[in-house]
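Pasting the structures here.
Both of the next two complexes hold subunit A, though its partner changes from subunit B to subunit C.
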Partner chain A sequence: MLESKSETPMKPESTPPPAAVETSRGIEAIKVNTWFGTKHVLKDISMKIKPREVTAIIGPSGCGKSTFIRCINRMHEVVPGARMEGQILLDGANILELDPVLLRRRVGMVFQKAQPFPTMSIFDNVAAGLRLNGMRNHGQLSSLVEESLKRAALWDEVKDVLDKPGTGLSGGQQQRLCIARALAVSPAILLMDEPCSALDPIATSKIEELILNLKKNYTIVIVTHNMQQAARVSDETAFFLLGDLIEFGNTKQIFTNPRDKRTEDYITGRFG
Partner chain B sequence: MERHFDQDLQQLKERILYMGSLAETMIHLAIKALVDRRKDMTKDVFRQEEEVNKLQIEVDERCLQMIALHQPTASDLRFITAAMKINSDLERIADQAINICETTEYLLQEPPLKPLIDVPRMAQIASKMLKDALDSFVNKDENLARSVLVRDDSVDELKDQVFRELLTYMISDPATIKRAIDLILIARNLERIADHATNIAEDVVFVVAGKDIRHHVEAAETTTT
Partner chain C sequence: MSTTYRRRQWANNTAFALTGLCAVITLSVLFFILGYVTFHGFSSLNWDFFTKLPKPVGESGGGMANAIVGTFKLIGLASVVGLPVGVMGGIYLAEYGRGTTAGFLVRYSADIINGVPSIVMGIFAYTVVVLPMRHFSALAGGIALGIMLIPIAVRSTEEFLLLVPMAIRESALALGLPRWKVILRVVIPTAMKGLLTGVLLDLSRVSGETAPLLFTAFGNRFWSSGWMNPISSLPVMIFTYAVSPYEDWHRQAWAAALVLLMLVLVTNVGARILMRNQVRVVA
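Let's look at the complex of A and B:
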């Protein structure tokens, strides 16, 4: 059993962050169990997330889907009283044996509500992670910021207002800014916890397009309450219920012919 | 938990069943008009076809609306897509019944060529196939649906038999050619009805088991795996 432990302090580096690591073996969860205090949240979750594919995690509120993805970048353990058992392997390496800071550089995360750093400009928001990693060269920073904003499909909309506050953007733009911020440090994996739940349909469709483009280079795990979104963007879908992984498989199969009655009942809206 | 959507699905099922019962009656009346030489019976068939045509449009509208408003998934999605296909098959069955009536009206202007045995047998098998396909749809009975598929071959064999027999009439007496061809056309119409019933049964297997068994894909997959 591994208790939560304090994070290693960030070390400034003079070299730019490494390019995206090939997640040739993806992510593998082996008998993952988690608790908040005495509450057993995830029960024996074992699943393999394939590299450069989009994996959707669906399930009713409180089923443990967010907890699961927060285990992947070790955010679960920073919650007081939270603990985890079992193993999560990233490219075959146990994440608990990795430096959490380095791990989170490889595993970026985007949250439900876009949270740009409120006092920073659009440019600084994207550059923040790079600067924390020790990058000072303005030319290098500019080109990485531009590249990240382009990858997040936001560049054309903000290229003339890079010095304006990130919080001045629309909700959908702020979410793409957060995606650009996550991409700036060249992660291999992108975790998305309901990235579109606060967005209108047009902004949602832009993020979905972005997800489909990003999967060429990144392994994406998306938690969503929107069944159609899971069906549209993901290659594989996992259905969680009350902390158990009920069914995990090809998205097309899950949405046309689920094997488990509980999956069927959930995705057809009979409960949840 | 019963959903509002379940009521929509139930209504859709009821409309398809009603359409199916009309199609069955049309086949029955069309063949009865031929065998009993009762031209007056064809009128009912023409009237019912109009109703079937209206139902076809109504069922498609219902399906489209359900897809647009509810974005169905899993068994709901399979049910609705199958309903659209079954809808089309039922309308085609009704068309075949009309074709039989039209040919019958020509035939009834002439004396009977021969006592009809195989054609009514074909009609009986094809009607039962349609009835069982629809029953399997209502009861989600995969085995019953699969039993329909097997019977299609016997209808095909009967059609070949009818053709061979009528060929001998045509060879021996050219005066029988027109009537013989008309009967062959009717046998062909019945064979098509059995094919549509087979399509419906295949759709039922898809709805119930999620397996696509059309064009013997299932058998091919089994042998390759």
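Let's look at the complex of A and C:
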């Protein structure tokens, strides 16, 4: 384990604020329906995701939240038999008309289980998206890797061990490494699929702090089954149930005064 | 209560004893063969065996240098013929063909070819290469072994690539990398040691095949130059010498059997060492 024995509490980076990355006008989903084979997973989802805010998607298991965010960067196409109808607009452009490879450079994704590339060092992991897309200049790579690791609040912990394998880090560090890797290609939007569900509470709180920091420059959509987390980090929350979007609105309003009874039941724990 | 417990104990112990006995029998067969070959072959191993050509029929002495070189030459040609197709086929099955009809057909065909008796492969290579050329050749032998290698390589490549969890492919795709780059630059390097191990084991399997070489490479009592001449190989020499009436040849056949066995053993051990360093990703 490369984590220092005494975990230093996360302080805001003392470096100057990161340069603004390509911002977007937000994402709009219009009547999105998804099928896996014959199974109708998402039903008529329509919602607007505001730029440079954190939007949380909550709901019980199997309600389609992960499927929905996977549609946003067209990762649902990886599953054989997956089909999507409806539109998802990214800055007004229909994502189905964009090249999926270019789309995924603009819309980054962090998965539930942190998966650093096992054959690569920490540096190579973060640089992977850049290097494999053709960037050769080592100086450029170094500075971008450093910047991404700083944005992911991991730089101080790994700056001396950049050539060690990525898999030697703790769970929380690995997840921050994956976030740095996703940030390295300068996406405008970051999708996070239950990023903290495999982490302990300390690592979780570090990542939540990171999210609050990142939203200054990125649009973040986070799927979580942890309602308190949604209440802590997000500005807007969407509640999914069995493939339907039940309610979507300001987080404070959803958690204190939900309009739909099913939302209220879920939030108060009557089912889950 | 206690009678059922005692009965269960008895059943447990019997099952353990029976399965343990079967394990011992399996191991003892292996060690018996190893021991027998080593016992008979070791005394006939000498420097001449590795460096000299076979002596004329009836004379004692000589060696199998040309057969050893021949085996390596044939494996080399088989690799060139069979590995590219086999490995690419395996990549197709693991990366593009999962769950598709085409993938099913390819996998099924590979399994069927795997099951074809090796002598039929020999006849195939005989008809396709030897007859038009009008003579036996190393080329024909290499092609026969190469065709045998293809389905084996397909399956071993596929198997090791399937061990790479989907999460790695998804993480790489989500970075905005095209699929072929994900396969070439992320998945294959992750599985590399496993793939090499698979290739080593496949080659060692093919190195011992005798039947396809009987009428393709045929055999040669001299050095074989180039690829167009018949060539000697260890398995065929073992066959030729073992059924001969000469005591000296029998001894040499044992020595050859030992050398072949050692080759396979060393390859397997090498593969195991390689695999120990293989990245094992828990999905």
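The definition used in the following text is that the second predicted complex is superposed on the first by the 248 of 272 C-alpha atoms of A that agree within 3 Å, B and C clash if a C-alpha of one lies under 4 Å from a C-alpha of the other, contacts with A are read in each partner's own complex, and residues count from 1 in each chain.
Following the convention adopted for this analysis, a residue touches a chain if its C-beta (ideal position, glycine included) is under 8 Å from a C-beta of that chain, and two chains touch if they have at least 3 such contacts.
Please read all numbers here as calculations on a predicted model, not as lab measurements.
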Subunit A residues touched - subunit C or subunit B, whichever exceeds = C
Inquiry  = With both complexes overlaid on chain A, does A:L132 touch subunit B (first), subunit C (second), both or neither?
reply    = second
Ask   = Is A:M227 contacted by the first partner subunit B, the second partner subunit C, both or neither?
value = first
Task = Would you check which partner chain A:T256 touches, where first means subunit B only, second means subunit C only, and both and neither mean what they say?
result = first
Message = In the overlaid three-chain picture, which partner chain does A:E264 touch, first (subunit B) or second (subunit C), both, or neither?
response = first
Ask   = In the superposed arrangement, does A:A182 touch subunit B (first), subunit C (second), both or neither?
value = second
Key: subunit B/subunit C common contact set on subunit A   = none
Message = Looking at the complex, which residues from subunit A come into contact with subunit B?
response = 227-228, 231, 255-258, 263-264, 267-271
Note = The answer for subunit C against subunit A in the complex is residues 98-100, 165, 167-178, 181, 185-186, 189-190, 192, 279, 281
Query = For subunit B, which residues are in contact with subunit A within the complex?
reply = 1, 3, 5, 71-78, 210
Message = With touch defined as at the start, can you tell me which subunit A residues reach subunit C in the complex?
response = 73, 75, 78, 80, 101-106, 108-109, 111, 113, 115, 117-119, 128-129, 132-133, 178, 181-182, 185
